[in-house]
Structure formats: C-alpha cells, structure tokens
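Next up: some structures, all given as structure tokens.
Below are two complexes that have chain A in common, paired first with chain B and then with chain C.
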Partner chain A sequence: MVLDVQWAIAWLTLSAKAMTEHREELIELDRAIGDSDHGENMDRGFQAVVAKLAETPPETPGAALKLAAMALMSKVGGAAGPLYGTAYLRAATSMGDATELDGGALATALEAARDGIVARGKAELGDKTMVDAWSPAVEAAQAAAVDGPGPVLRAAAEAAAAGAVATDPLVARKGRASYLGERSAGHRDPGAASTALLLKAAADAAGETLPESPE
Partner chain B sequence: MKKLINDPRSVVDESVEGFGLAHADIVTVHPEPKFVTRKDAPVQGKVALVSGGGSGHEPLHAGFVGRGMLDAAVPGAVFTSPTPDQILPATAAVDSGAGVVHIVKNYTGDVLNFETAAEMAQAEGIHVRSVLVNDDVAVEDSLYTAGRRGVGGTVLVEKIAGAAAERGDTLEEVTAIAERVNSNVRTMGVALSACTVPHAGTPSFDLADDEIEIGIGIHGEPGRHRISMEPADAITDRLLGPVLDDLGIQDGDKVLLFVNGMGGTPQSELYIVYRRAAAILQDRGAAIDRSLVGNFVTSLEMQGCSISVLRLDDEFTDLWDAPVHTAALRWGV
Partner chain C sequence: MTVSLVVVSHSSKIASGAVDLAAQMAPNVVLAAAGGTDDERIGTSLEKVMAALDEALARSAGDGVVVLTDLGSAVMTAESALEFSSTPEQILLADAPLIEGLVAAAVAAESGEPRDAVKAAAEAAGAAWAGTAVGVGNGDGVTGAGTVPEGPLETGEFELINPMGMHARPAAKIAGGLSSLDAYVTVNGVDGTSIMALMALAVRQGGTLRVEARGADAERAVRYVGGLVARGFGEIQAQ
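Then we have the complex of A and B:
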C-alpha cells in the first residue's frame, strides 16, 4: 500500500464512519467523567471534514490533513476541536508537499501531531487525556519506521488502543474529568478512546488488519 | 427524556432564533456563524465585551447582551464551547476600534477556542484582552486539575465590567476591573438532580432520590462528593463556609450575595437558601449591600443552586447599580 492522497482521504472517510459508529459509546464514556458531548462533537466535526473533502479534493496527504484540521477547529468545539485541529495541522505541516509518505515521514508526522496536542493542552503522559493514546502510538511508530508505512500504521494503532485502555485506572489531572479527582479513576478517557479509533482508521485505510482491540 | 424540543440537533438553533425574536429591541442574532450582538453594536468609542460558552446555561450569556453589559455572546452546542469561526466574527462585529475584552469561563475547551480566536483577531488588528473567570471553590487550583471553573461569578464580572465599559473606561481599565471582580468573588454549588443533555438523552449522572452532589460545576458533570439529602440550612452551610473562608470575609466587609438557581429549582427554595446565607453573613459581621436571586447561570433543568459572594468596594457598588438593559437583567433604564 502506497500512502498517498488516496490513503489520506480514505483515512479521513473511515474516521468519519468510526465517529458515527462509536458516537454513543464516546458520549457514554464522556457522561461518566465529563459532560456527555465528545461523541456528538467528533461525529459533527468529521461529517464536516467529509463534506470539505468532497467540496475541494486535496492533492497531497498534507493538504488533506490541513483541510481536516480547519474543519475540526471550526466545527468540533470543546477542547477536542482545538486539540485535534492542532494535531492534524502539525501533521500536515510535517508532511509538507510530499505526494507519498514512507515509514519515517509518517512516524515524524505522528510525532508532530502529538507534540501539537501537548503544546496546546499542556497535558503530560499519565494525566488521563488523549496524550496517553498518542504518546505510545508515536513511540511504536518510530520503532517500526524502518519496516515501512504499513507496519508503522499497525504499530501506532495497536499502541493507541492499549494506551486508551491503560487510562482506565488513572486519576485525571487535566480537562473536565480532573474536577472529579479520585472519582475519575475506573473510567476510560474519551479523548484517548477517540484517538485509538482514529489511528485504527488510518491503519484500516492502508489495508492493515489489526487484532481485536483490547477491552 | 421529556423536553420541549423538536429535534435534539436543532435545540440551540431554534432556541437562539426564538431569543432573537423575543428580544428584537435589544439584540441582533447572526445565524451563521452563530452569535448575538447588542442592537446598536459597534458602539463608537466604547470598549466591547464578548463572552460565550456552551449552551444550556441560559440566560448566560446571550441574556446579558445589551446596554451596560455584553456587546456580544457566542453560544456553542449544549455544554460545548463555541469555535473560533464564531468568536472571531463576533469580536470583529462589536469592535469600534477601542478594543475588545473576552470574558472566558475557565474550562479547557473555552480557553483553547477563545485563545485561538484572540490570536486570529490580533492578527486582524483588533486589540483583544482576555479575562478568565475561575470563581469555583469546589475545585482545588493545583497542578492536578484544570484549575478552578468559571461559574456563577461570571454574571457579576460581566455586569460590573460592562458598566465600566459603558462609562468610557479604556481597554486596560475594563480588563483590570473584570480581573478585580474575579479575584473578589467565590462560588460553590450543589445538585439535587442531574440534567439531561438533549443529544445524549440520559441524565448526566445517576443520583438516588436521597442523594445530592456537592461541588458541582455547570455542565452536568458530577461534583466533588456525594452525600445524603439534608435540610436547606445544612446544605447552605456546606456551600457558604468554603466560599467565605476562601474569600477571607471578615467583620465589616460589604458583600453582594448571589443565590443562583441551576434551572430546576423554584425561586421560593432559592430564597430559603438566601435566608440562611444572610444569617451566616450577619454572624460574621459582613453587610449584604447588594443581592441577586434567581436562575442566571443554569445547567439545563438541573435542580440545585450555587451561592456566590462578591466582596464589594464603592466602585463595584456604583458599577453594579449602573443602568443595564438586557433580556435577563434590567434596571435604571
């Protein structure tokens, strides 16, 4: 599988599908420790991304992600809008005008995305946020970079899924769940859960099959 | 879920549209991107105040748009902050050249979206200052939380800073007054029942008939801890104690006492809370010079209340008394 603009479009389209399919589940996770809006906002945001892709078809993976970033920033709201918007924008900038991405370029783009989220949200690993899914994904992607883009995507998706599960016992220190203190433990972070779904969509778009996600 | 709605996805659109029709003498509603401005905006030479946040807290913020208070309000989806593509045009629409103050409740989403919009506005040559409201004593302000939330005190910041802008204060002066109000007001809230976000369809948390949540925010998020139901006086003591301690209220202080309903509690019960709070303040030797009782910063149909105390000085009192003409607060006009 070549990671070109067709892959990027497929990724974003599958992301939109995943957000619709998992809308209720993300709302339910957010209901437990937040304010019940994450699934709704992500679904609305990615429907806007798909509409934009149809309106002005991009010509490079970077252009596709930049378009997604703008749509997410203007349509999602909450903390997720600026955070995912920044992530996709940084990844797009990292990809530049390249028409195809190799494993190294992809791992670097994922790292740029994670760094953007950390810069905006100021969360650290272990704060029970989407960073807990992104950071292991970036590390796994870097380790798999020499094996090519397919293995990078697979490794990132698997690590993000495991990272999301690993937020269950954590006490939140950033975002709305932090107001709950100890009571936030025992629930999965909704942002980490949506990150795992989005990175799985990236692997799916490249035809990489993943083992059943851990629960 | 029983609600007076047509479609969960059109709740904000239809509600804001109705608000615009009902108060056409005070505001103009801009449908896409969505924001509400005062009818005569931009007011020449005046610093403009813009606030916003998730919907579901009505009358906050659109109900406070008008002479003597906000120049624009930017409503997001229910309990979701608005986006920069709304905040930026709202900011531009009310700027007369004298600058704009963003009044932002301290929630991660609101802060990030207003921060982005402020950067974009600065790039367009609009002078923007941001004031964070973080009056909620239920949250410890530490490295381990997102910081104290902005809750009931927001109304007091908007009223007093709005009056300062109306009397002709500069951008720096209005910003300083808003910050000074914020640092002199504290709030704590209680929920007797959860609320149901229309698109979620189920209550935001499960609370047994005999339980209450102490230290709630305004988004239907659970509070700090849960206790068994108690008489109003005991609950009032629990809320007001931390507020007065944190603020360091002493003998001789003058205060504004604000008992705010969360949307589903009758005014009569708010006055029962007020009665007890007034007695406690009297015991402390504080004089209640001004008061406000009613549903102003709500969480949809949640039952419960918050108590805010603002330490007054002569300037705050004058600005509080200054004329205001909005949908939700109106006096002196």
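Then we have the complex of A and C:
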C-alpha cells in the first residue's frame, strides 16, 4: 500500500463514515461526562471535510490534511474543532509537499499531530483526554516505523483503541469532564474514543485489517 | 490610529453585546465580534475569527490587534487563527475575563496605548475585579505587598473639578501615565495602574483623590496625577 493523496482522501472519507456510524455512541459517552455534543459536532465537522475535498481536490496528503484542519476548526464548534484541527494542521506541516509517505514520515506526522493537541489543549497523559489515545498511538507508530507505513497505521490504531479503553477508570483533569471530579471515573473519554475511530479509519484506508477492538 | 480589538465568544449575542458595551467608552476603536458558529449555534468558528482578525488588522493601520476570549475552546480557536495568520506578531491574546478585560482594553486603546499596554490593561482588569491587584508600579502584573519599594512616602490630595468626575478616560490617563513610572502608587487605596480599579472608585466632581506613592518616581507620580486633575483631564474647555 502506497500512502499517497488517495490514501489521505480515503482516510478522511472513512473518518466521516465512522463519525456518522458512531455518532450516537459518542453522544452517549459525552452525555455521561461532558455536554453530549461530541458525536454531533464530529459528524458535522467531517461532513464539511468531505464536502471540501470534493470542492477542491488536494494533490498531496499534506494538502488533504490541511484542508481537513480548516474545515474542522470552522465547523465542529466545540473544543474538538481546534484540537483536531491543530492535529491535522501540524501533521500536514510535517508532511510538507511529499506525494508519498514512508513509515518514518508517517510516524513523525502522527507525533506532530499529538504535539499540536498537547500544545493547544495543555492536557497531559493520564488527564482522561484524547491525548491518552494519541500518545500510545505515537509510541507504537515510532516503534513500527522501520516496518513501513502499513504496520505503522495498524500499530497506531491498535494502541489508540487500547488507550481509549484505558481512560475508563481515570478521573478527568481537563475539559468539561474535569468539573465532575471523581464522578468522571467509570466512563470512557469521548475524545479518546473518537481518536481511536479516526486512527482505525487511517488503517482501514490502507487496507490494514485490525482485530476486534478491545472493550 | 489605535489598536483594534476582537471579541471571540461561544455566543454571537455575547460577542456583539460586549462590542456594543465597549464601543460606548471607545468610539474611535475598531471592535470586531466573532461569536458563535457559522450557522449561529453556540460554539466558535475559525472562519469567523479569521474574518474578524482580518478586518481588525486592516483597520488598525499597523497598530495591531488584541483578542479577548470567553471559555476554553474560544481561546483554542483564537490560538489556531494565530497559527494561520500571516502576521501573528501583530496579534496579542489577552488572558482576561471577557467583559472587564474588554472594557479596560477598549479604554486603553482609545487613549492611544500600544498593543502590549492594551493587553496588560485587559489582564490587570481581571485581577482588579478579583480583588487581588495589590499593584506594582510598572503595571507588569499582580504581586504581593512585599514589592512596595523602600523610600519616603509621597502623598497628595486633589479635588476633581471636571464635571463627570472619575470615569473610563480619566482612569485610563492616570493608569497609563503611572504605568510608565518607577513607583508604587495607590489612589484612594487602590492600584493606580489599574483602569478598572480606578473606575470602580466612582469619585464624582468635588470628590478627592488621595495619592500615595513610594519609589524612585514617587514625587513625579503624585505631580502627574495632580496635573491631570488640575487640567480636568482635558475635559474642560479653555476659558
């Protein structure tokens, strides 16, 4: 599998599909510890991404992600907009004008995305946020970088899914859920859950099949 | 020209209402509202923020823009807009409560302060309302009482002769001038470099300002306030 602009477009298109399919699930997760708009916001944001892709077809993976960043920051509305928008923007900057990505470039782009989220949201590992899915994904991606882009995507997706599950017992220290204090424990973080879905879409777009996600 | 201001809020009503409020005190300052999402829901939109920034920058003639925000993701959207901007060095984000910060920033901009001073005025406003501003003479933030410099206490008492008494513009003139002096100054017990604290004194015509100052420029500080009061803050027509 070559990771070119077609892969990037497929990733974003499958992301939109996943956000629509898991919309109610994300709403339910967010209802428990947030303001229950995450599913709706992500769905709307990614529909806007798909519309933009059709309107102005990008020519490189980086251009595709930059376009997605703009659309997400303008259409999501909630905190996920600037967070995911920054992630995609930093990843796009890291990819530059490259027309194809190897394992190393992909792992570096994922790291840049994670660093963007941390810089924007000021959350640390263990705060029960999307960082808890992104950080293990980045580490797994870096470890798999020498094996090529397919294994990087697969490793990142698996680690993100496990990271999302691991937020269940955590007490939130950032975002709306942090107002709940101890009562936030026992619920999965919606941002970590959507991150797992988005990174699974990235692997799916490259034809990497994943085992059933852990529950 | 003056520094322009941009208000980023989750609600378009809050953003436009805040702009209306500030415009009353700062008729010559460009105020741009970026509230709500593109389809007028609660939330923030990068496109709206970037459009407001572009307008504000274009009309600031190089003096730049200070941005006031409300809740968390408004801050993040404003930061993201900076990341897209071609002139980020002309834009400052103020870490201040929206309304109090905006009013203080608007008054500071109206009196011709540069953008870093406008930002500082907004940030000092939050501390003043929280009752924590003990005040440090150069206006660079909030510090404890331990920072009062050594030296003799200079004092002065001045009766306000301007008809409107203490309000936003006199407060801005006092705070602006005192900020540039090396002195710890209080006016009727509040931080003399805080526009909001001075406004909150609400001293009327005929009322008295008691200035107490310590530090190298203490005497100048007292004379400065005395001079402003004697000239009626420039609000009295020459005879």
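Basically, the second predicted complex is superposed on the first by the 215 of 215 C-alpha atoms of A that agree within 3 Å, B and C clash if a C-alpha of one lies under 4 Å from a C-alpha of the other, contacts with A are read in each partner's own complex, and residues count from 1 in each chain.
Following the convention adopted for this analysis, a residue touches a chain if its C-beta (ideal position, glycine included) is under 8 Å from a C-beta of that chain, and two chains touch if they have at least 3 such contacts.
Fair warning: this is a prediction, and the values are worked out from it, not measured in the lab.
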With both structures lined up on chain A, is it a clash or a fit for chain B and chain C?
clash
Once the structures are superposed on A, label A:Ser178 by its partner contacts, choosing first (chain B), second (chain C), both or neither.
first
Counting touched residues of chain A, say whether chain B or chain C comes out ahead.
B
Of the partners chain B and chain C, which touch A:Gly78 in the superposed model: first, second, both, neither?
both
In the superposed arrangement, which partner chain does A:Leu89 touch: chain B (first), chain C (second), both, or neither?
second
For A:Ile27, using the defined touch cut-off, is the partner it touches chain B, chain C, both, or neither? Pick first, second, both or neither.
first
Mind working out whether A:Arg120 is in touch with chain B, chain C, both or neither, as first, second, both or neither?
both
Could you name the one stretch of chain B listed in 3-11, 93-101, 219-227 or 255-263 that collides with chain C in the superposition?
93-101
Both chain B and chain C touch chain A; at which residues?
41, 73-79, 81-83, 120-121, 175
Partner chain A, residues of chain C touching it in the complex:
37-38, 41-48, 72-73, 76-77, 79-80, 83-84
As the complex stands, chain B meets chain A at residues 54, 76-85, 107-109, 112-113, 115-116, 138-139, 143-146, 149, 197, 199-200, 202, 204-205, 217, 219-225
Residue ranges of chain A touching chain C (in the complex, touch as defined)
41, 70, 73-79, 81-83, 85-86, 89, 120-121, 175
Where on chain A is chain B touching in the complex?
27, 31, 33-37, 40-41, 44, 73-83, 120-121, 171, 173-176, 178-181, 183
